[in-house]
Amino acid sequence: MDVAAHRRWMLLFLLAPALLWLGGLVVLPHVELALLSLQARVGPGQYAASLDQYRTFVDEPLYWNTFVRTAVMSVLATLFTLLLAFPAAWYIAKVAQGRLKMVMLVLCLLPFWVSEMVRTLGWLILLRETGVVSGLLQATGLANQPVELLYHDATILVGLVYASLLFMVIPLVNSLESLDDSLIEAAYDLGGSTANIVRRIVIPHAAPGIAAGSIVVFMLCLGNYLTPTLLGGKDSLWFTEQIYTQFITRFNWNQGAAFGFLLLFLSSLLVWAGLKLTGQRFGAVMKAS
Amino acid sequence: QDKTLRLITWADYVPKDVMEQFTKETGIKVEVTLSNNEEMISKLRATAGAGFDLAQPSQDRIAGPQAEFGIYKPMDLSKIKSEQFIPSMLEATRLNTTVGGKVYAVPHIWGTDGLVVNTKTSKAADYTDLCAAENAGKVSMRLKRPTLIAFAFSMGKNPFALYSDAKAYGALMDDVGKALTECKKNVKFYWDGKDQLLAGMRSGELTTAMMWDTGGWGLNKTNPDIKFVAPKSGALGWVDTFALPAKGKNDEAAYAWINFNMRPEIAAKVATSAGNFTAAKGGDAGMDPVLKKQFADSFPEAALKNIKWYPAVPAGIEDIEGRVLDRIKAAK
Amino acid sequence: MTIAPAVTAAAAADRAGAYDLQIQTVRKRYGAFAAVDDLSFGVRSGSFFSILGPSGCGKTTLLRMIAGFIAPDAGDIVIKGQSMQGVPPNRRPVNMVFQHLALFPMMTVGENIAYGLERRGVKGSTAKTKVTDMLRRVGLPGSEGKRIDQLSGGQKQRVAIARSLVLEPALLLLDEPLGALDLKLREHMKVELKQLQAEVGTTFVYITHDQSEALVMSDQVAVMNHGRFEQLGSPQDLYYQPQTAFVAGFVGHNNRIEGQIETRNGDQVLLRTGGGLGLWAQRVGAVDQGQTASLFIRPEAIEIGRSPRELPAGEPAWSATVQAVLFDGGNSTVQVQEARTGTPLQIALPLTGRLADLRAGETVHFSYQPSQAWCFAA
Amino acid sequence: MTIAPAVTAAAAADRAGAYDLQIQTVRKRYGAFAAVDDLSFGVRSGSFFSILGPSGCGKTTLLRMIAGFIAPDAGDIVIKGQSMQGVPPNRRPVNMVFQHLALFPMMTVGENIAYGLERRGVKGSTAKTKVTDMLRRVGLPGSEGKRIDQLSGGQKQRVAIARSLVLEPALLLLDEPLGALDLKLREHMKVELKQLQAEVGTTFVYITHDQSEALVMSDQVAVMNHGRFEQLGSPQDLYYQPQTAFVAGFVGHNNRIEGQIETRNGDQVLLRTGGGLGLWAQRVGAVDQGQTASLFIRPEAIEIGRSPRELPAGEPAWSATVQAVLFDGGNSTVQVQEARTGTPLQIALPLTGRLADLRAGETVHFSYQPSQAWCFAA
Amino acid sequence: MIPSLPRPAIQRYGLAAFVGAFFVFLFVPLVVVAVFAFNNADYPTPPWMGFTLDWFFADSDSRTGLLHDAELLKAIGVSAWVALWVTVLSVVVGTCNAFLLERFEFPGKSAVALLSMVPLVIPGVILGISILAFASRIANFADATWGLELEFLRPGLPLVILGQFSYIVTIATLTISASLRRFDRTLEEAAFNLGASRAAVLWTITLPYLRPSMIGAAAMAFLMSFENFNTTLMLVGSDAPLTVLMYGRMREGATPVLNAVSLFLMVASALLAVLLMWRSGRAPRPKAA
């Protein structure tokens, strides 16, 4: 067969699954979501086009507050995750050698291979008022009565950071590994201090990795459902929980769809702003991850 | 014939031995999915009534969703051995679950919502005591509609009477919302899964909670200090039912399961497992004497009379409640 | 083995002024393996000093000890008269040009060069002037704003050197900086680097495994092997008076012929190969009659002609058969086998192109001066 | 420009037997840019044919057209008398050795070599025998089971060639296969590759930008530039009789001097530089009095001495000042400036080491034979 | 900094201590979950009531150990079944995508490339909901128009598989693309030149080269599917995968058998990791985690 024709057939053959996937499972479902969000119930089983769902979001400060709160907590969780993951990633990428490095990488992966449920169960055992940590605190005399460590915002943050670490560590390790040691040596040789080298050499080099990790972690936090609901207390408003509530306990798909869309839109806006601010491009960043 | 029955129901409604016995007798395997009212409805809505052969929503949550989403099919009462049911319950359920002249459910298990109290550490006697200063930080409730209704009653109102007047109901709910918002500082957490609550009571982290009677009686078995108390303003009475999803594929098995379950000896076993009472005639006879005693303790004559039975929820009410619940959740 | 300006700790003090760098019995072991083995030498101020040796001989280890990235197990490193014991790399008056240059890709050319200045607190217009000036000196005036990836290989080279030189180090250390360049560019940069060093006058310590680089650029070359110096001297010393068989084989092309010493006559010995060929050569070191030895003779030290008459008179001559002509213009050689014993030899063809038309199978004649061949104990 | 065995489509038929490969006005354009520009030539059976040219001149494009990876825009490629139009690469009787060898890392040496045989349906013991035999021929007997990453650079080289040769192609195409090797190994493989080709007798088409490789190994060399052949001939032809200024500059080292033709005397012309230096040279092509021209003279074609007496009598001589001595053993050169005009020249030092002690600043004298210098129209 | 630079002891030990603490943080929740699998109590929470193996082996009226908990065992089976399909689909489509994105140019390619990374940052709940909504729309339409009941579009395992596949395939695509990008295409040309047909080149050269990354992607896909909750929750029907079942149990009545099954998950994934490491000599590392 003629080479060009052959390539055209191959292209079609390969394009088909990709388009089915992206169209059928990503684009069209979101179009459906958008359509749903633009309808309101007018009677039993009857719906009409309407902006009510979005109006609710605007009119009712509760939802907007929930979103802001979710976003702020997610940003905080992302920052803490970055701060925590960076030294560990540095150690894995630059200090550990050979076997140790491999073992450490696998150790990082393992917790994420057992389900989020199990990890959360672990935190529940650890942190509840009658839990392990509280017991330890009392046994060591650091506390004289049971301490409730669950149901605080800080608990949610711990849970979120924990659930996100891997997704930060891996892109960081990937990008730090590609940093040639001799660049650091050269900077040091030219008189650079540790802080300066980190600021001028390491961070600029790792920027795509940092951005990739941060985006994924931010979106994961924002979209998390289990951790805030199980670890969070009576004030733990989480936007995905609102969406879930609308869909499941209120049977209001239209409202839920609008919330879902708003979450997607507002978070994309945040990510976009973050990328713009740091001068990165999404495609390049995700490739780096 | 199809050899499995896909059942979506509450925890503890299908004890292992009952399931095994059923399978042995009929050759039908039972696949159980645990759920609650809202999730049951949502699931069936998403499937347009497919995916399950039998569901067990509460009787008050059938008519509304059926009108809205058409997720159930009418019961063929001729296939039900109606002689196995307590007639008054069957009749009450029939009334509440009739839509367009067709009946959609038969009763299975009934019980109440009230207070679970650790009598050693708490003296709560009505819902409003959940908000008493002395119980601060040691109480829990669900952030769901029963709580709103319970508080309305304890505030001296009758919410059920306002079901038909959306505006008045809304105003009442706003008041209840305010009270509950006030109360929020007292709450350790709003429980969602029953296990979370039970663990809290068991460990002493909680002293008082609004919950189903069954939870209180269960705890009472291991810790006699914990009791189920019918609140002064009245316990809320519910009936969980059997209903057929619109696109169930194995109605035969569903009817078989219903009739099997309503046999007195089976009903007794189920009721014991669930810790509640059954709508099966004569089921009480075979029930755990301990449970009977607990029931008698919790429900003196007056309290039994004072039980407020949920009427069917008209459409639209849940929207009003939802908004109020969200506000409570969001309040600082 | 003689190391020319071997510096003992005692002698070092007197002559400190003349030396920018003194290495005093420095040693580095990895386990039982000595990467650098009790090495001592000095590098004169302002000179271009090369360390030449095969891969793995310890060059990089030595250089990194001088730079301070590796601490020696024993011995001292003295730079400009100051012991470097305990001085971290960023406090040493030396700078390093890395094998792959290690230019900072996230900075412009100007920022790269200014980096070290800024770290010293030199900022603003002073720094700017220095950068501009430095770029001019390395032949890249006005390139401050360019990105690193806009530079060619040779330009990157010069920026890397400029980045170090702008700090005016006492010593510039270069670790095979031409290794990554292609052949033609390497040829060119060799000459350029030598000129640059002559202009700026900074002492260069340059390591390489390419003998041509070391010979062309250096004032002094140390040939390193197994963590030790085999010989230290001027390029000509190494080429014309190799002190060890290793140096003779490593520096320049050489024919190596094994045999036994048959006779000794003063400093000249007669080596007899297994095949029976007898060759006279200079004896180097303690090699004597009866011993097995290696004889080295460079392809260009052998005279060749179609008839014996073309050879210089007075030297013994042999006839040989041409196996292959490796025509390479001015670097052409022939591979021959001595007629009687079959001993293989490589012989350079005259630059004039006189024998350019030789063909495999022809008979040729060759001779050499024993003073241009060396014999080492094997 | 004359292309020696230029083959026209008509003439091709007669001589098909003598040629394994005929390229007939083949062209490949990328946009307006002609990577290969109406090229025609033939490669004789059993010869070692090199294409030498600078980076980007179109060598790889040409080779890939022969292999069938790129379709020519125009012209035909004839292999063993068969037109290759429409024949896909896996059906052509040619095999290719890739620049980075492209050995299959997931297979053993044996599996690599057997790969092509298996594709032809040759399996089992027949294939095994062929592989064993091939490995023996390339000097790696018994290496079947080795993994690719256990081989040295030179061994990989041989496996890559074996993998192609085992298919007994009419033509073996080699795309700078020595490019990735280090210097010493490259020197060695040059000789080895030439020997191998002579033994197996397969026609080799070899491309390289390294003139030394082309000269040492080839029977015929084509010098390519901008998609065309500048000259095609034996290595000696190219070196001693360059037909174009490009060839003179590209093949071997050369001094290039610009000026104007002052006089012509038969085939010799006198070139006068801007500085006033007058030099005689062979005229190549149509360059004549009054024209600007470039004169080329090789560093090794210039005689040099400390006094004029050391120079051959009868040729004009000049004096000059030494700028730098680039000592590189047998390849040493001096950079000098002619005393009166300052014209810079590079002169090779005699192989004998006679002038090894020259220093910058000394005065030297030089002369050359005009027959060894060429003048081209600029 | 890197080991070749002298660092003050405090920095050196500080970093090592930090990394130690990091791994403790990572593993403490898992360790307590594992330990409480042996607690002789009826609830998966403290206090510690003594050691027992009941939660693995018991089969009495009051206690059902992992080995006899038919529901749990079935859920593991369901999860494995789902994971298997998700793995096969993700690797096959991921490989096609990798070829499409690395080997072909076509109009709109950059949009396809960008879009194919988007599922990574869509919250799982929203992905689940949108697919649910879209699928119901089609199913309802088919039902209403042709009376056709398209059961696979109703909540159930097929939809769970599609939902998980919709974002796991992104990870497979990134992993396999990265490997394909590093692939030296001259290997293919060499094979072609040695007489191989196009199919033979693919089969004998390209796919074997991609095999390690395909195995890595498969392992990753399997584990991510196994542990997925958010998307699955929205799409399950009557067959509950393990995570959904565990969630239900955690809400409605948990025993330490949950800890026991968690311990089983940890051991299984650790074994898988060791197997992969041993086979490839390199830590399995997901692209974009």
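Residue numbering begins at 1 within each chain, and the chains themselves are lettered A, B, C, D and E in the order written.
The criterion applied here is as follows: a residue touches a chain if its C-beta (ideal position, glycine included) is under 8 Å from a C-beta of that chain, and two chains touch if they have at least 3 such contacts.
For each chain, UniProt lists the protein as follows: A = Spermidine/putrescine transport system permease protein PotB; C, D = Spermidine/putrescine import ATP-binding protein PotA; E = Inner membrane ABC transporter permease protein YdcV.
Everything numeric in this text was worked out from a predicted model, so none of it was measured.
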* Structure fact -> Those chains that touch chain D and also touch chain A are C, E
* Pair of chains joined by the greatest number of C-beta pairs in contact -> A-E
* Asked: Distance-wise, how many Å sit between the C-alpha centres of chain A and chain B, to the nearest whole number?
  -> 37
* **Chain centre separation (chain C, chain D; CA means) in Å** => 28
* Compute the distance, rounded to whole Å, between the mean C-alpha positions of chain A and chain E. => 16
* State, to the nearest whole Å, the distance from the C-alpha centre of chain C to the C-alpha centre of chain E. => 57
* Asked: What positions in chain E touch 2 or more of the other chains?
  -> 4-5, 45, 250
* Asked: What positions in chain B touch 2 or more of the other chains?
  -> 192, 199, 203
* **Which pairs of chains touch, using the document's own definition** => A-B, A-C, A-E, B-E, C-D, C-E, D-E
* Asked: Once bound in the complex, which stretches of chain A touch chain B?
  -> 44-45, 60, 62-63, 65-66, 128-130, 146, 148, 150-151, 229, 233-235, 237, 242, 245, 247-252
* **In the complex with chain A, residue positions of chain B that touch it** => 38-39, 41-42, 45, 65, 67-70, 144, 184, 187-190, 192, 199, 203-205, 315, 318-319, 322-323, 326-327, 329-330, 332
* chain E contact footprint on chain D (complex, rising order) -> 67, 69, 89-91, 94-96, 98-100, 102-106, 115-116, 119-120, 163-164, 167
* Residue ranges of chain D touching chain C (in the complex, touch as defined) -> 183, 190-191, 194-195, 210-212, 215-216, 235-236, 239-240, 251-253, 298-301, 324, 326-331, 348, 350-353, 356-357, 372
* In the complex with chain B, residue positions of chain E that touch it -> 43, 45, 64, 71, 132, 136, 139-140, 143, 149, 151, 154-156, 237-240, 248-254
